[in-house]
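The next block holds one structure in the form of structure tokens; read it before the comments.
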Amino acid sequence: MTMNSRLTGVIPPVLTPLNIDGSVDVASLKALLDFLLEGGVSGLFVLGSSSEVAYLTDAQRALVLEVTVNHVSGRVPVLAGVIDMTTPRVIEHAKVAKELGADGLVATAPFYTRVSDVEIERHFRGIRAAVDLPLYAYDIPVCVHSKLSAEMLIRLGSEGVLAGIKDSSGDEGSLRGVIIARRNSPALENFSILTGSELTVDSALNMGADGVVPGLGNVDPSGYVRLFDFVESQRFEEARQEQERLHRLFKLVGAGNPERMGPNSSAIGAFKTGLMLQGVFSTHLTAEPQVPLNEEEIAVVAQHLEQAGISVALSA
Amino acid sequence: MTMNSRLTGVIPPVLTPLNIDGSVDVASLKALLDFLLEGGVSGLFVLGSSSEVAYLTDAQRALVLEVTVNHVSGRVPVLAGVIDMTTPRVIEHAKVAKELGADGLVATAPFYTRVSDVEIERHFRGIRAAVDLPLYAYDIPVCVHSKLSAEMLIRLGSEGVLAGIKDSSGDEGSLRGVIIARRNSPALENFSILTGSELTVDSALNMGADGVVPGLGNVDPSGYVRLFDFVESQRFEEARQEQERLHRLFKLVGAGNPERMGPNSSAIGAFKTGLMLQGVFSTHLTAEPQVPLNEEEIAVVAQHLEQAGISVALSA
Amino acid sequence: MTMNSRLTGVIPPVLTPLNIDGSVDVASLKALLDFLLEGGVSGLFVLGSSSEVAYLTDAQRALVLEVTVNHVSGRVPVLAGVIDMTTPRVIEHAKVAKELGADGLVATAPFYTRVSDVEIERHFRGIRAAVDLPLYAYDIPVCVHSKLSAEMLIRLGSEGVLAGIKDSSGDEGSLRGVIIARRNSPALENFSILTGSELTVDSALNMGADGVVPGLGNVDPSGYVRLFDFVESQRFEEARQEQERLHRLFKLVGAGNPERMGPNSSAIGAFKTGLMLQGVFSTHLTAEPQVPLNEEEIAVVAQHLEQAGISVALSA
Amino acid sequence: MTMNSRLTGVIPPVLTPLNIDGSVDVASLKALLDFLLEGGVSGLFVLGSSSEVAYLTDAQRALVLEVTVNHVSGRVPVLAGVIDMTTPRVIEHAKVAKELGADGLVATAPFYTRVSDVEIERHFRGIRAAVDLPLYAYDIPVCVHSKLSAEMLIRLGSEGVLAGIKDSSGDEGSLRGVIIARRNSPALENFSILTGSELTVDSALNMGADGVVPGLGNVDPSGYVRLFDFVESQRFEEARQEQERLHRLFKLVGAGNPERMGPNSSAIGAFKTGLMLQGVFSTHLTAEPQVPLNEEEIAVVAQHLEQAGISVALSA
């Protein structure tokens, strides 16, 4: 599994199924991996925000990565999130991920603490220096409350510190700056540009992005793969229609009642429900302290699936 | 060390001294503990934000707590921060802290992920149910990007879930709501209310807070103890003057150049410099990826110390 | 009405009563002015945030100021808010306010647009240069989304550009920096420092603030005057008790249902209801597009008044 | 000039040229209008954020609109911004705009004050009821600090309250929700969807947006018209290249030193400089209290123009 070329295609952030006691549901995880690979994904990103990495203990993180690497067995690259507050803690996760066979690492800027742009850059340099694996920057201001600048990404990409970017910033203008810079820079030749904005994938690909990391891709991997293929083959109208179908499907993230649930439990809970309803997951549970979707809300998710043409195997 | 009564007085968040290689400087840590105890503090809070807990690996966290508990040997209560993103991860830290002999736990709301108020409440209940130690809520929106409501604090305090609050929200009106609620509620009799707002300690104590957790208290513990004692003995004018001296001293947190350094490295770096200049710490280094104060900035810190009447033992 | 000395005491931001058709209810406004003056206030601030200045047309602003200046007739100073987005628009309001006889002007930083600190400073200098009236800076980040720095306030105060500050930032540590700077600076001798933090007035006064601009002071002016007098006469325990009573009363701002109402309509609507229930206002209406409190919510306000010992003249 | 059909194409937010004394430079304004019309724009939006509407007095607003309506003389529709804090103040601007011959109104959500979603909706309904002109919602969270929900836009569009949206939110996923809803709703047939995101115009148009309101379109109107035409004629590769050229040109907004200038003065100042350098404007000045670009910064703008193939008429 070499990473000397760009990552492309659909690389979903793999959800982490849970048993009722909160432990990782390994059987469901394997079922999800099969479901995604059969859907045609070209890579897997475990231990990301959609994987509830923030909720998993270190042992659970290791278990998820180990199961995934073994189960996937080199068929596609496996990226591992190494999400933690600062450089020293991220490096510890990165060492474990390397040992367990990850093909690449995905790290955010520091969070909880407040650092300067200079310090964010030192952070990525420090991780890369400590662990010899391709390192992808994860730009997700909604979680870390800072934005990675295009200038820094270009600089670290050109120097080989970063192998790419997973952009969940929603700032398409900034992302485009990185794409444009890559066009004229041999040093950025293999710099991968992936978007996490699952509602505008066609736009990002048409701009020049290489692929997408869609949370909703867990629920409908073949939909995202079709979308990617349509764009690749310049069938723009069909791409647009597929993206619009997925946009409508995405409304399931609003199934949870905001008086009880936060944006995270509502969205991840709905994705998990979508997999339970398709027979892939045994439960739709999210990690503590998140509130699970109730029966009524599960039914709303089922409706969204059916409207998007996804057959619901289990009775809600 | 029983905690059936309120925590009171000055309970500094203990800085974590580092060696040049980034490891914990145990000798300097012990020196700091002695410095604080000699200064008259009534408790110690290790592994808080000012302790650079976000930067410490789990092994370093354990080392700091172990050294502290052993060195303090019951002379004052030792609270341990169990700072992590979500309930499962916090509980792991909490179990370690209990094993290592902490007298109480300090936990924030979840961060990185976005949760509802209902889920924040479940978070504290989950921690308390999992580990049998007094649990203090740490309200620090600048780090976790949510605010704990007075209503929730009062409810969890009344039910015995929370033993108290360390308030670094800067929202004195909200804090006061908790203080007022306590006056008329026997169930809150032993609920400790500590402020982290080190520039308005006299105000908080006069409102009815029990004590203070001042980062600057590392640099000048006896100053904060004097301030507390002045208020206790109703010597308000002297309290005000002492607080104003400490307010001026606090300006050292601005010594770092904001083009290079974030608010965290500038403030903590200045505190550490203050201890190095007083001969307590061997270095003024902060953890990676933070930028350290340079010679010029160290000299600025020295000036602030001298202006506040603190003698500088080492040449800057 | 000279303003060569500091403003002190209770200077409420005067609510603007409205008729059912949205016009200013002049009779109720005069009744409020009488109610406030009888309550012992030492100044009046019209056209502030609590006055719904953001909702008043220029003609309504002029009417409110004119009625107030004439009705008050020099008994206390009348400050006029000149709230608008930028310097040129603020200067226009300021010229009108001077013509109509305001004793001082109150201006925020620019808003809607995003400016630098340098430009904020130019803003205050530009207003002061254009209109010869004492100018008070209104620090209200919740509305304008920037914070005035203590350094700038001290500089502009020392140079005579600003006559004082009305601080509604909630950042008591920063405010204290201005207070401390004033102690040692003859150039700041007459610089007025007023807090808008109505729940911690005793704290602010004990720090050295000169007075308070409490929205709740419309509903209970004599309560705030008592609080001020208790602090002045060093009866700290009585001050604390009075502040705690007002803190409990302040809960009326939560009477409005947040599903229908914003923080502004809920708080101002409750204050107006409080005045209607005391027979001062004819209606409790707020300006468009704000939603008014309904009958049930009006009853909640009435309960809060009664619990605070304020007799309710009208049946809710 | 009927507006019974959608607005399409390039509708730049017209900059407001200023004389050295801060007055509107009418001759330069007419020159800009000619420059834009010759560039092929299909509409004009005066008194928007890029027009420095926040800085213009009411008399200046009226002058700008009057000059524009007269000079354009019906060749393209003229939309007028009616930017103010709340409904009553916006309605006053709207009445003036109607009198002066505007073809449509553009209004934001309330700002300065904090309102609920229900109140935002009442705001738009109130404006539309008061003044009989097509009303466009201006979604610009960076200025007003709230986001218009897709649900509300769809509802108000379907009911005929809103004639369209000018989206400067940067939230392309949300905008797409409105576009998708329009596809299947006859009631939204004539609802215009315009993007203000000038760096991703091809993306927005390909999604189904009708046009663009680009601040940079003042500097290079024919570039944006070419971009629009390329997309219309499905010459996607040329569209992408043109958009990338404009993306590079957009970097001129960073010419101003952030230590002196805010984001607004830097960007608008650079646009104005671009027009001065092309001989359209007499000065590059922005309104008070904004800091103007200095000689060095003007030279940087000139470089960006030249790199984008725009000839610089005047020596910088």
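Chains: A, B, C and D, in written order; residue numbering restarts at 1 for each.
Just so we're on the same page, contacts are C-beta pairs under 8 Å (C-beta built on N, C-alpha and C of every residue); 3 or more make two chains touch, one makes a residue touch a chain.
According to UniProt, the chain labels map to these proteins: A, B, C, D = Dihydrodipicolinate synthase family protein.
Given the structure is predicted, the values throughout are model-derived calculations rather than measurements.
Least step count on the touch graph, chain B to chain D: 2. Distance between Cα centroids is largest for the pairing of chain B with D. Taken over every residue number at the interface, the positions common to chain A and chain D amount to over half, indicating a same-residue contact. Taking each chain's centre as the average of its CA atoms, chain C and chain D sit 35 Å apart. Centroids of chain A and chain C (each the mean of its C-alpha atoms) stand 49 Å apart. In chain D, no residue touches two or more other chains. Taken as a contact graph, the chains are arranged in a single closed ring, with each chain touching exactly two others.
The full set of touching chain pairs reads A-B, A-D, B-C, C-D. Those residues of chain A that touch chain D in the shared complex are 170-173, 176-177, 180, 183, 197-200, 202-203, 206-208, 236, 240, 244, 247-248, 250. In the complex of the two chains, the chain D residues touching chain C come out as 22, 49, 52, 54-58, 60, 83, 85-89, 92, 110-116, 118-123, 125-126, 142-145, 258-265, 287-291.
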